[in-house]
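Going by the order they are written in, the chains are A, B, C, D and E; count residues from 1 in each one.
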Amino acid sequence: MMPTEYFLAHIWLIPLFPLASAALMLLIGKRLPNSAVNVVCVGSVFLSMCFAFGAIWQLIARPAAERVVSFSLFDWVPAGVMHTNAGRVMDFHVPWGVLMDPLTAVMLLVVTGVGFLIHVYSTGYMSHEGGYYRFFGYLNLFMFSMLTLVLANNLLLLFVGWEGVGLCSYLLIGFYFLRKSASDAGKKAFIVNRIGDAGFLLGLFLMLGTLGTIQFTEIGPAIAAGHFAIGNGTLTAIALLLFVGATGKSAQLPLYVWLPDAMEGPTPVSALIHAATMVTAGVYMIARTNAVFSMAPKALAVVAVVGCVTSIFAATMGLVQNDIKRVLAYSTVSQLGYMFMACGVGAFSAGVFHLMTHAFFKALLFLGSGSVIHSLSGEQDMRKMGGLWTKIPTTARTFVVASVAIAGIPPLAGFFSKDAILGHAFEYSRILWLLGFVTAGMTAFYMFRLVNMTFFGTSRVDHEVEQHIHESPSAMTVPLMILAVLSVIGGWVGWPESLGGSDRFAQFLAPVMAQHGGEASEAAGAAHEASGGSMEYLLMVLSVAIAAGGIWLAYKWYIKQPDVPGKIAASNPFLYRLLYNKYYVDQIYDAMFVNRMKDLALTLGSFDVGVINGIGVDGAGWLTRITSRVSMVWDSWIVDGLVNLGARVVWVLSYPVRMLQTGRVSRYALFMLLGVLIFLGYFLHTSGYTLEKLLHY
Amino acid sequence: MEFYNTHILTVVLFTPLVGALLLLFVPRDSENAHRVIGNLFAFLGLIVSLPLIWRFSLDAGAPRFQFYENADWIPSIGAHYSLGIDGISLLLVILTTLLGAISILSSWSAIKIRTKEYYILFLLLQVGMLGVFMALDFFLFYMFWEVMLVPMYFLIGVWGSEHRLYAAIKFFLYTLVGSVLMLLGVLALYFKAGGNTFDVPTLLAAASKFDTSTQVILFWLFFFAFAIKVPMFPFHTWLPDAHTEAPTAGSVILAGVLLKMGTYGFIRFSLPLLPQDPAARHKIVTIMMVVSVIGILYGALVCMMQKDMKKLIAYSSVSHLGFCTLGIFALTPHGLSGSVIQQINHGLSTGALFLLIGVLYERRHTRLISEFGGLSTPMPNFAAVYMIATLSSLGLPLLNGFIGEFTILRGTYEVSIKYTAWASIGIVLGAAYLLWLYQRVMFGPVTNPANEHLKDLNAREYATLIPLVILCFWIGIYPKPLFRVLERPVQLLVEQVNPGYYGAERAATLGGNAAPVSTDAPGAAMPGMGMPGMNMSPDTEKK
Amino acid sequence: MIPTSHYLFLSLGLFTIGVIGVVTRRNVIVILMSIELMLNAVNINLVAFSRLVGSAEGHAFAIFIITDAAAEAAVGLGIIIAFFRNRETLLGDEMDLLKW
Amino acid sequence: MLDQIVFYFFATLAVISAVLVVTRRNVVQSAIFLITALLATAGIFLQLHAEFLFIVQVILYAGGIMVLFVFVIMLINVDVSLHQIQFNRQWWLGLLLALVLGAQLTVAIAVGRSGLPLGEPAPAKMLEPSTQLVGRVLFTEYMLPFEIASILLLVAMIGAVVMAKKKI
Amino acid sequence: MSQILNAFRSFMQQGGGGLLLPEMMLVLFAMGILLTDYLLEARDKYFNALMAMLGVMFSAICLWQLRGVAEQGAIGFSSSLVVDPFFLFFGLIFLIATALVILLSVRYLKIADENHGEYYALMLFATVGMMFMASGYDLIVQFLGLETMALSFYVLAGFLRRERRSNEGAVKYLLLGAFSSAILAYGFSILYGLGATANLSPFGGTLPPRTNLEVIQVAVESRGHGDLLVLLALVTVIAGLLFKVAAVPFHQWAPDVYEGSPTPITAYISVASKTASFALLLRLLLTVFWPVRLDWQMLLAGVAIASLTIGNFAAITQSNIKRMLAYSSISHVGYILLGIVAAASSAQGFLTGMKGVAFYLFVYGFMTIGAFAVIIVLQRQGIISDELDDLNGLYRRSPVSALVLLIFMLSLAGIPPLAGFIGKYYILLALIQTGHNRLALLGALYIVPALYYYFRIVMHAWLYEPGNAPSPIITIGQKVAFAALGFVTVAAGIYPEPFVKLATYSLYFPIGFSGH
């Protein structure tokens, strides 16, 4: 039903603004001056941001129970009659419909807000790049897809956005298409995502077949109506398949490999797509379908484990990278791992919470690094940085704020979300908690390793670069500051009870998450109560402590005695190389899948030419030999004639037949005689005058 | 005009023929005259075919085959000149006229020698293909089916590239093997059904009463013709040669329409010929689906090793058509409608791809991928269109390809998720080879000096490509009309091959208006109106 | 009296001999003669049969066969002469301009 | 009795000379033996009371045709052919097959004759003189064939002329 | 004087001489040609052709006049001649073929410098012979007709007397032809023997001669299935006739003779003599040998398979078009024989199969003459131009002939909508109706190699660039022939109705044949 409130009734417009400007850019953008491009693109995003905020405001204005708005614009895929697994006959038609509820609201906030800021930032960052309009066209296209994704009210439409963002990331990663590495990275991203998507689609089919619906609002009721047991096999399968999709999009093990390479793209892209929004789509999707997941503990366990392992795995790799953006990339993977761990332990709202806060400070980190790179005219290697604190103050300060936030020092955003996750993890399983805990330490360490190597210590910058280091234009710094503020206060909406707050965020999301007594979350909630305050405080202290420890270590190693890391690396080179080369995962994948696939294709290719194309060339090898002999005479024909064996057989057989035609009259007469003989013999035989009978005749 | 209203199909069918005949009287050296006339009549063919769209009635009461025409042709053997189209053929007819016009336009400057013959043959080809989609009389159908071979042979043989002679005759012979077997099938069907009419619905209805063994034999006799045309996996080797050697327009028509004749044949003839006995039917269907899946993966894998762009696209056709056959033999509404839509999509996107490759070929006279690279610098718009075509071909949502593949997979899922899973691997591979191709042709620096100053698309090339692009988007965003058009024919088919699928009340809504149509006076007078096998299969009779 | 079958056997003997001539000899004239032999054998059959039922059709038939034999001989020899004129040979297996 | 002697004499004569026809290496000799074979056949006709046919055989065949043959043979110098091999390469095969054919025919007739009322043919005295009979038949029943035969001969004439004449 | 006229009139009316009119016309004009030929200068030899055409036309008119008689069937000349639709149909084919070949010959002879009246006279005589083959109802008539035709053809085949290949072809044709007709004669003699011992009581009043087909049929029927004399006759007769239609294993003369003969005569032999021999064969099979159809059915099936195989396979690698067409004609014989096989199986099969055979024979004439016509047109001074390469780039040198060539090739291969397809359609259908599924499959599959070699011709004509060969000059007569041939080939495919009717008409046997 159409809502009465203006903005809620027009949320479907939100994606359209960026789409419109994207279309404009890609069609006639080339002829527009950069200023016009700025106005149109940033303006369009600004518009959708206003609409989004309006809608959110109007949503919040509603009583908590009615905070769901879902209506469809038109029938998109009315594919007609189908059977569910149960054999129920039903009509399948997917509407183009929008859904607005607290979860969407949060995502909208992040996407439009951060998106807008990054657009603004880009106007500064990209101002000197070629293909300015193209960049913004893609960026707006991305906004459209992402907004479609979050606003979709059914899984298929979500998939549209899902693929759309994939495409945009492909285009944006490959933005510098002259660099082979860039286009390679883009392709890798797309294909790896496709693998996930296959899983996603299968999950979708399975869900449709099982529940008879893919409308988010109907999933819960359908499950309730279906009277499925907890841990029902099909539901688990659905959950896992969907999760496969998520791992692709959100760069989890084993499909995370594309994200680090994706850093080939321009930095704002990394910030927007590969930190703040797109990569979190997987988390969003799982939170969306939490109804299914919470019915499938096994699946949840898998999610939790994968998330957790990914987070620590990525963190370890982040420890030793020297490319500033790569460090951030691995940290992103690691943080995403956190979010999945949260979902896995049933704390969906905590996951989403971390998603939001992470969006703020990770975006900030990327933009900051972008600003650094910008000022160092394209230098990305941290070993060639240092001592920039004074030279680019704004960037440096905001960057440090973000680092503190991600390290999880209270009262910055990171602290609250990470703490919430660790808290739930602790209740779910001590091991997961421990791993997360360690990861937190590593995070703090590599973040400050980065900060120290970049902003403090002695400058290692090349000389000619040294000359024109400059603070970035305000178009870039202002967003930095805004984001800095957000990463400070962003977490406060989730101030936990234990600290005298009232976890507004969780409450806000509650109707989406707990709307159908998912056992897991309830259990978690119960445990939460049980564990009581004391333990919770302890956990907080511990996490703050390890964060501080990490920071201190980084300070010790990279400011006080900078030679230590080298020593350590030297002392156990294997580990170092292993980490530095990211556990050789890419190489392994290449060896295992990519190359094998190529071989297979190669064999098939030759198979096609060789075998099928002329069935059993070898089988009839002697025929070919005859041909070659005969073809001494008829070469010209064979050449312009048949290569195809089926025909070649006939062709060759034709010669013996023709050799009968000797041109000798008596020979011909002989054949006629033979014919008569055969006829007569046939008749004599049939009428019983066989040879032996004749002998007795 | 009056004639047009009553004989719209005839007009659509023979407009190109008129053009061809007209061309006969144009002196062979006035080439531009040939071009003008050829384009004129191809375009005219498109125009006269458009009214079909809005004159086609969707309400359940309408006869199954509309715009029905029937006239005695060879009374002594009971062959009629009877035309008529249902939703499925409607789409294919429009696709044919559209692609015909486009590809003729695309060959304006590509064809420099023997223009007269070229346009004559192309228009004849047009007639043949339209006839195949319209004919409701087996004799007529077979005639068009064969007629179409000859012009195609020449298109490949005269205007093709270096190995054209080989490719042309290979194409002809391959297809002919299938056709003669089909001829036997037609004759057997005709004889077994009493030997007094060739009317398709009547014969198919009769076929549903044969004993299982006969039905099986008939099915296989027809199978080869269609499988070779599609081409299904083991019979596909003619395709790469033909596609590669044919001139651009030829490839477009080959991929866009000719292959669809095979799938159309499967839908229109093979499905009703499926044995009624569930066991036998299940066996056949399983074989079909497995082969289709093999085709999907096989085609996709072979694509990766191609050095020639056209060959690559050709093999991708094998893969895509695999999806179509998979959907057809899922015997579910989603599978069928998805398959038809996918056929249209393949026509559009692969057609576009061939056109684009043709554009390159015209400029560089090579199709080797290694010859190119970094083209998006000299010709950005070309790159953009190419990107859209690629995306639609790899099934990106909001582009046509997705709708088709999704629906097909959805329909296949009902049979067994195994097929769906394997087929979706095909989707992944599809992305792989298409993007790989795109990257190697478009991205990177311009390595080959010959490519530095390539001209971007010109107006005529835009004119050929834009309609396709628009259609790609339209189908991707608002496919509803297609589904509406397909709804009823698909329902009739499924009810026949998969009785009771629609459940009692839906079947009632269908049978309610279908049965009378098949039996009442016009139905009897015009066999074409009959519903093949509606409520005639044994197991429905039992009910 | 001689049973008719003997005539039949005689004629088939001559016929066979004619056939032998046709398939073994090289000289076209001899081949032609052998064919004459075969026709002659046919005549014996005819006359024998007509005698069997005491009707004259067989005789008439035989006369026509003889006529035909004469005609064939005439044309045949004409052709052979024309051939000899160009090729200076009469040997059947030297005629192999036309083969395969 | 006489009948038998006459028949077997002529029969053996015919067969022997036929064999000689196909075996002699000299064409002229073959021709001569063909004449004897034909004359022997004529004798058999006589023995079968086919007097008219006997005359035709002697005059037309032995007379006309053979003269034609010999004439041609003379026209085409013989001595060339004397030095040539008279039997082609696969003569043994031909001989074999022909003998098989003979055997088959023998079997066929030997078996098939049982169907015919063979044995005793109609006695000669019961027949009117065959010459008149043949004459009547030729001009009543077989008038049409008679006409056609004339055309046939005309064709043969033209053909022979066209072929043999150097310059038409 | 007046008595003579009266006698003639009475002969024509009571004597049944009217039945002979078509043949008479031909003979008259043939003789006319022989007479006038000597009066003609070298340059107006075409007058002979004119005369021959006239003769054909008059004969055709007489044929047309006979249709009324044919309806209820007339037997004349003491039942040695029958005029029935069957005869009319085949007579029509002969006349059309003759006319077309005459049209095509004029220029050919001029170029070959053998422009003699005898050529046309012999053609007309050959036609007479064929007519008697089709209408003969008596062994003797049939045999003489056959020989008349054969002798004329021997001469015509060697008509280019200075051409060595022509001579050679003629000699081969003569020797083998004579051999085969000797075998045939032997068969006839046996048949006569059977007829002589036939019980004539069923014939009542005036006894037909014992060489009459019906008499012999009675005899064969009484002896019944499996009698060795009958089989002996059957084998020898069929062997003799299969030679004339060039079916395996009696086919080997065909390629050589086709290649050697003057091209118009090649066309004439491959069409007219084949058709005539089929007429004779059918007449015998449907009357005399009908009682033993089970026997010859097997025989013909075997021959058909062999012909299809050998013909198609041997044709594939030919480089000489005339030889290729010779082999292809052998394979066509295979199809026709398949039709006869089906016809022998059942009543339904008889209708469809014979329809197929008749239709096939009819259109086969046009397609084949057409194919040869193109070669004839290409013939130049001293060049027969029957090699594939002589066709190169025909599309440019003479688009029209390239086009008709394409049509004929497609039709020969059996691609719809052309005449050849309809013929194959009927024959395959008949086979399926009579349950000869394997034969049907074989026949259908052999279309593929056939198409391949026909398209080698098309390839040379359309896809190869012309050498230095000049564009051919096409005379009016040849143009007319092209038009007629092309028209029928296409018309009989697109709208076969009238032709099917004609074929069906030919199957109506008022006398003699009783049917299944």
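Rule of thumb we're sticking to: contacts are C-beta pairs under 8 Å (C-beta built on N, C-alpha and C of every residue); 3 or more make two chains touch, one makes a residue touch a chain.
Keep in mind it's a predicted model, so treat the numbers as computed, not measured.
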Labels of chains that are neighbours to chain B and to chain D: A, E
Graph separation of chain A and chain B (steps between touching chains): 1
Among the chains, which has its CA centre at the largest distance from chain A's? D
Of all the other chains, whose mean CA position lies farthest from chain B? D
Compute per-chain Cα centres, compare each with the mean of all protein Cα atoms, and return the closest chain. B
Let me have the rounded angstrom distance from the C-alpha centre of chain A over to the C-alpha centre of chain E, please. 77
Here the gap between chain A and chain C, centre to centre from mean Cα coordinates and rounded to Å, is 95
CA centroid of chain B to CA centroid of chain C, Å: 66
Report the inter-chain centroid distance for chain A and chain D in whole angstrom, where each centroid is the mean of the CA atoms. 101
Where chain A touches two or more other chains at once, by residue number: 647, 658, 661, 663-667, 669-670, 673-674, 676, 680, 684, 689
Which residues does chain C have that touch at least 2 chains other than itself? 15, 18-19, 22-26, 28, 31-32, 48, 50, 52-53, 57, 60, 64, 68, 71-72, 75, 78-80, 82, 85, 92-93, 95, 97-100
For chain D, jot down the residues that touch at least 2 other chains. 88, 94, 97-98, 101, 105, 107-111, 113, 116-117, 137, 141-142, 145, 149, 152, 155-156, 159, 161-163
Every chain pair in contact, whichever chains are involved: A-B, A-C, A-D, A-E, B-E, C-D, C-E, D-E
Flag every residue of chain C that touches chain A in the complex, lowest number first. 19, 22-26, 28, 31, 92-93, 95-100
Using the touch definition up top, name the residues of chain E that touch chain B in the complex. 395, 399, 410, 415-417, 421, 425, 428-429, 432-433, 440-441, 444-445, 447-448, 451-452, 455, 459, 462-463, 495-497, 500-501, 504
Chain D partner contacts - residues on chain E that touch it in the complex: 20, 27, 34, 76-78, 80-81, 116, 118, 121-122, 125, 128-129, 132, 138, 140-141, 144-145, 147-148, 151-152, 154-155, 158-159, 161, 170, 193, 197, 209, 223, 227-232
Looking at the complex, which residues from chain A come into contact with chain D? 664, 666-667, 669-670, 673-674, 676-677, 680-681, 684, 689, 694, 697
Any idea which chain A residues touch chain C in the complex? 658-659, 661-667, 669-670, 673
